[in-house]
Amino acid sequence: MNRSGFFYDLLSTLFDRPHLARVKGDGRSITALCEDLIASSSEGASHNMGQQILSSFTELTPQGEIEFFNYLTERMDIDADRLQRLSAAYQADRSPENLASLLAAAEPKRQELLRRINRVPGATGELVNMRARLLLLLKDNPSFGRTDLDFQHLFGSWFNRGFLVPRRINWQSPANILEKIIKYEAVHAIDDWDDLRRRVEPADRRCYAFFHPVMPDDPLIFVEVALVKGVPDSVQAILAENRKVLDPESADTAVFYSISNCQAGLRGVSFGNSLIKQVVEDLRAEVKSIGTFVTLSPMPGFNRWLQQAIAKMPTPPAWAAQIAAAMESGTADGLDEQAQWLRRQAAHYLVNEKDRHGMPRDPVARFHLNNGAMVHDIHAGADMSANGVRQSCGLMVNYLYDLKKIGQFHEGFAENHTVFTSRSVKTLADAAAPNSSGRILINGT
Amino acid sequence: MNRSGFFYDLLSTLFDRPHLARVKGDGRSITALCEDLIASSSEGASHNMGQQILSSFTELTPQGEIEFFNYLTERMDIDADRLQRLSAAYQADRSPENLASLLAAAEPKRQELLRRINRVPGATGELVNMRARLLLLLKDNPSFGRTDLDFQHLFGSWFNRGFLVPRRINWQSPANILEKIIKYEAVHAIDDWDDLRRRVEPADRRCYAFFHPVMPDDPLIFVEVALVKGVPDSVQAILAENRKVLDPESADTAVFYSISNCQAGLRGVSFGNSLIKQVVEDLRAEVKSIGTFVTLSPMPGFNRWLQQAIAKMPTPPAWAAQIAAAMESGTADGLDEQAQWLRRQAAHYLVNEKDRHGMPRDPVARFHLNNGAMVHDIHAGADMSANGVRQSCGLMVNYLYDLKKIGQFHEGFAENHTVFTSRSVKTLADAAAPNSSGRILINGT
Amino acid sequence: MNRSGFFYDLLSTLFDRPHLARVKGDGRSITALCEDLIASSSEGASHNMGQQILSSFTELTPQGEIEFFNYLTERMDIDADRLQRLSAAYQADRSPENLASLLAAAEPKRQELLRRINRVPGATGELVNMRARLLLLLKDNPSFGRTDLDFQHLFGSWFNRGFLVPRRINWQSPANILEKIIKYEAVHAIDDWDDLRRRVEPADRRCYAFFHPVMPDDPLIFVEVALVKGVPDSVQAILAENRKVLDPESADTAVFYSISNCQAGLRGVSFGNSLIKQVVEDLRAEVKSIGTFVTLSPMPGFNRWLQQAIAKMPTPPAWAAQIAAAMESGTADGLDEQAQWLRRQAAHYLVNEKDRHGMPRDPVARFHLNNGAMVHDIHAGADMSANGVRQSCGLMVNYLYDLKKIGQFHEGFAENHTVFTSRSVKTLADAAAPNSSGRILINGT
Amino acid sequence: MNRSGFFYDLLSTLFDRPHLARVKGDGRSITALCEDLIASSSEGASHNMGQQILSSFTELTPQGEIEFFNYLTERMDIDADRLQRLSAAYQADRSPENLASLLAAAEPKRQELLRRINRVPGATGELVNMRARLLLLLKDNPSFGRTDLDFQHLFGSWFNRGFLVPRRINWQSPANILEKIIKYEAVHAIDDWDDLRRRVEPADRRCYAFFHPVMPDDPLIFVEVALVKGVPDSVQAILAENRKVLDPESADTAVFYSISNCQAGLRGVSFGNSLIKQVVEDLRAEVKSIGTFVTLSPMPGFNRWLQQAIAKMPTPPAWAAQIAAAMESGTADGLDEQAQWLRRQAAHYLVNEKDRHGMPRDPVARFHLNNGAMVHDIHAGADMSANGVRQSCGLMVNYLYDLKKIGQFHEGFAENHTVFTSRSVKTLADAAAPNSSGRILINGT
């Protein structure tokens, strides 16, 4: 297997990205290494120090992590006093030199530190993991939010949409990537390799992910899609083991039934909207027969809200105890008779219930509505897994992406928090709370 | 040619990156589009506006370009007054919220604008071209330097060393990349495809480049290397048409005889140091027999300096007129007799002559010395091309990369501007100016 | 550039096929090596002997080649006497064992020899070159035709259509492949890299080739295609330097204006028909607007025939001398006035003139008609290059591939040598020889 | 995901080989299609008929298969009478024409039929499956052996060693290939994906396979290798779930512990020898510390022989019943005390027991000895799986590949059936049968 030539270099460098080389420490503490890295002008030395910092970080004790982030937060901050002076100077004389000084002073030193660490091949993924640790500590150490601002800023640049690589995941995909799909699936857990195979191999199933070129083995986000006839009303049908595979050319609808973010350390760097639009575009080009793009989505906050709502009702319904039992046990015995009542409550929850910013309470609703989707339908008995019953009494939602209206709906939602719905969902919501749905606008067509 | 499957997606998305789609404008001016893009929260609309801005930019008149950059500079600047207030507030209360406000205010709006434009697939290369235009206007419009700070900042993040992909260029490389090597070669012009072939195909010739994943057809920088026996004293031998190819296993020396930056718009984003070190590392692993890594470099500023130096000499040498004629004509008739005198002057020029920052006057010397190289030797008659004679009377320099001393030499140079030389170069410099070379340190071995 | 992993292995082994390793001979003659290779049962030894045979062959003198092929022909032949006996035995008892013996005896030993040589990685291309040498010697050594039968038989299996890989050639193709396109173009010579680029880079130009997996750097055959509006009447328009590029979506016609076989050693192993059909299929799928597939073809035998025809004419035309001069000089001064007369002669030549097998005299006509094409049109002044004038007074032919009729036309031609033509070509032929065109059938539609 | 360019075409055609397109039949029977395909000269029609034949074959009833193979055997055979005449004619006049007629007549028509079917992209794998069916019918239909000769002949050409592609299989390999490794493992069954992962992912485990370019998803043969310290004496240690991974640089021995052929239809087309030698070569280049290449192999015929041997013993050993029980139950209770006796019997079995051709009775022994290996050691308790106990009372064998002696050992075995052993194995064999081991030669070093 003699190896040479262009392809060899090209592909090995793109796909066989060196993993971060583990190096032995030279005795300096992680903070001393940070000081030296910021001070150094030698690329060789910087490289080695970057590697040492990343290696050291993975070996820190919990207390050591806190000390390290505290160091970044307090000792690598901006000098606000100096910034004030330089702002005044720039106001007086808007020269490029003054602006350069000002911008340099306005950037916390830790940002340059992180940038230098990132020069080490393989560092980016490690820095994403570092931030994942930081986020875990944020609640107890709110000041670390200052350091998190710099991670967010840098990740926003590095993971700019223009750098992301969309890839289809299928049964020809490498096993080390497929096992990450199993691991990261956050909506409908994948039991094993057979379950995975049912989701990526059949001709009427698709899975797409975004990757970053320097983390080619690690998906950032992925979406699972089913090509079907008609808008589906339950996820059981989609995930059934022995269902008949549909010829894609016979499908008229693409159902996005699961979207999962993979990297905790990239929280707040949003990819979902882009991925959905990319996939819609690709599917339209590839499968001409498909005209409808719709989700089958959970309502993660429904049950929590419903319990509170029932508690406030002057006369709670007879089946309140059943609901409480369902949430507790994950089994929905007897609830199917209340399907219509539950659907009304869900419509009300999605359409009328707002958080303190005036936004829908449900996070999944916020995501799709902000993308320009509308609430198309609500189904009872749609996710009868234990998790589905606990979260939302087994109800699921179709959000519809109407390509001609995405822009208009997004703007209406972004500017006025307008929730667009189908006529049937509006009817459901009205039945639940006749006087409250003043801000619902029905999709006119 | 049925196409499906993992490899198809993977490779087509990585290599067949969409070029920027040209879109028709919708009538808005480029500045109106910028305003709207900054204001927009819709990804779809943003995408289209980004495309329009990039398309519009390429159609601007020279005056239109000036107006556009003026708009970015003046209208998308920071609000220094506000920044001053937020700095004070943060000094008073170092909360994450205050820091967030401060950092947001400290970033010129044009930075976010450029980041949003860059979300468009294929935009990065266009933004590099945009900055290339900006740099051309900088001299006449010094205030544009403020906008340039933001390009530099973003490119520093986007073209972070950890994101670059090293690739070997050879005769199996795609023609569209090879033609860029012909175009961008800045040191020893490549006449045609046959000349190119002589530089990349033989077993004792190498060419390496850095690429960025989103610009896979566009090298950022490349270096040409010859594997030879003994340190070479002229570039003619290296570029000769009918030379005998050496078995690489017989070579003991790798000569870096040409390094070219390809993207004017990336000025100041430094890749050369990294590339040299990458190539040294690769060659050491691949060709065990090679122990010496040396350049054969031009002295682009030598003749200009020499003319000034001669003008100041109390008794100019007899051959001053010959030198002037050589610089004028590009032919060095009769100068070979003055080889030793010229070598001494060159040694003095490299070692003792400083600019106002105390750095060597020669830019190539600054580059290699800062990388940790030393001045190893100086050769007359080493580049007898018209360009070589005009620049430096045909003299060339070997800078030696001694892997064991790179760190020490870099630091000496970075901290004290110490120029490390071989004993023979020191002897040459001493002969030219006996008392001035106090700061030269000979490489001790 | 750390290298490992699946892609590395996969791609390096597929694309970076080891070239045949040159080995030192061990003193045995090439024929002794052949004897030993046939006798050997050791894979290791066989491998080395195969390499030695291939290396030795390239160093043979012309006389040595003749002796080597003579050895293969006479000493590695079948034993006809034995074969006769085994045939009788099999006729008596049709047992698998008897058939096995018979088949073994019916295969010249040189076939197994060539098969064993071919086990050496990289050998296939060398064996193709070996046959190319053999073909050159065939005329003077007709007995070598016996050895050639075995090459043909093996190449027919090894280069089975199902093993060929179609690839598009474009400006992103590797330079080492593009240079072979320049070298092998047999119809309209490619002057240099700029000329090549004009044929493969513009959006309305295509080039496709067949490759064999073990010879990935060596095209077997390629075709050049122009996407145009309307059926073209000259090749000058297609090859013009400064022509305007057409948006492919505006094209209605694909013109196959050049087909070249690349490997002399594969003579008689036919790829052209398959390649044309593959390309037609691909283009139909890719460019929906294209409905017409037509060639612009030379008539390599026209002028030779025309001179003979004129010599036989009772009253040669007045311009006979002009025609003779054109063929001699390669310039067609004054002939444009005879365009119509020449077109008639050409129609007659293509349609009525037959060789001793009853087939059209023109080899290009035979190829396309056998593929199922029809003679669509004949143009004067269509290839005014020196070669074009010398071959055919500058005339060219459009053969039309009507996808609905390919099968029917092929069969008509294959069974009855029927030449299908358009009405206008039939009119031309009738005008030239009113009574002779009885077997022409006009394409009925 | 815009797709164009060279890489797209190149890779999609190489990796995303079209699977055989299923076509609807046109009513003709499979034998009628065969007649027509042999008669046809139209490529388009042939293509379609080839597809129909392959599709029809998969739908045949068992009886239909027999009829089809009977048709191939009897109706597409050679005409022995004609062959006899042509042999005589060639003997009289050795002209190329006479040889051509002779060779054509000496080839059963079914060979050309299979070659034409193979022109259909994706056909090769189907033809391999067709022969797998044929082999199943061979015992009851011995005449089909005549047709099998043609399959063997063609597969020998098509799967020539020079066309095979070696690939490493690891955890980055595509899932659809990995699942075939699970399926085809014939020696030590792979339980599930976790078990597979333990065999291909750790740094001290390797798996290599041969592929054919037109069947890129289907391994032909693969070998599993463990890098260890010292020659191992049991497979349990190698397959243990919680073993400690060894740094490959610390290993001194590569153990081939499993070799599996994947394609029943390629029986008799031998790849194992080539694969072992390829892997030895690769490992030597990659892991410098490894100097010993050894197998850990089963003795599939040992128990069957041992039972017969015991039956013939005048005084069977006391533990004969235990042995019989072990073979029956797959558990080896109490047999560990007889380890030494069993090892002696095994040595005798491997070294002295011959089949009617004078070859060792054990098929695995025949394979490795013919490759040039020697019997290095025999271990009791080495494969305590049910299968291992049933086959060979849990004993396993190390065959040693001594690179310096492979050639000599192969020749000794091939020419004189000499079994080379280590001194210790000879001692064991001598102890079992003192006077019979005259032909054993101990590896002298």
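Per-chain numbering from 1; labels A, B, C and D assigned in written order.
FYI, a residue touches a chain if its C-beta (ideal position, glycine included) is under 8 Å from a C-beta of that chain, and two chains touch if they have at least 3 such contacts.
In this text the structure is predicted, and so the values were computed from the model without any measurement.
Set side by side, the interfaces C-D and B-C show unequal numbers of C-beta pairs in contact, with more at C-D. Compared with chain B, the chain whose C-alpha mean position is the greatest distance off is D. Distance from the chain A centre to the chain C centre is 56 Å, each centre being the mean of its Cα atoms. For the pair chain B and chain C, the distance between mean C-alpha positions equals 49 Å. Chain geometry summary: the mean Cα position of chain C and that of chain D are 39 Å apart.
Annotation for chain B: residues 1, 5-7, 9, 13, 166, 172-174 touch two or more other chains.
The touching residues of chain C, counted against chain D in their complex, run 5-7, 9-10, 13-14, 41-45, 77-78, 80-81, 83-84, 87-88, 90-91, 94-97, 99-100, 102-103, 106-108, 115, 118-124, 142-143, 145-146, 148-149, 153-154, 156-158, 160-163, 165-170, 172-174, 213-214, 273-274, 277, 371-372, 406-407, 410-411, 414.
Of all residues in chain C, only 1, 166, 171-176, 178, 192-193, 197, 217, 278, 282 touch chain B in the complex they form.
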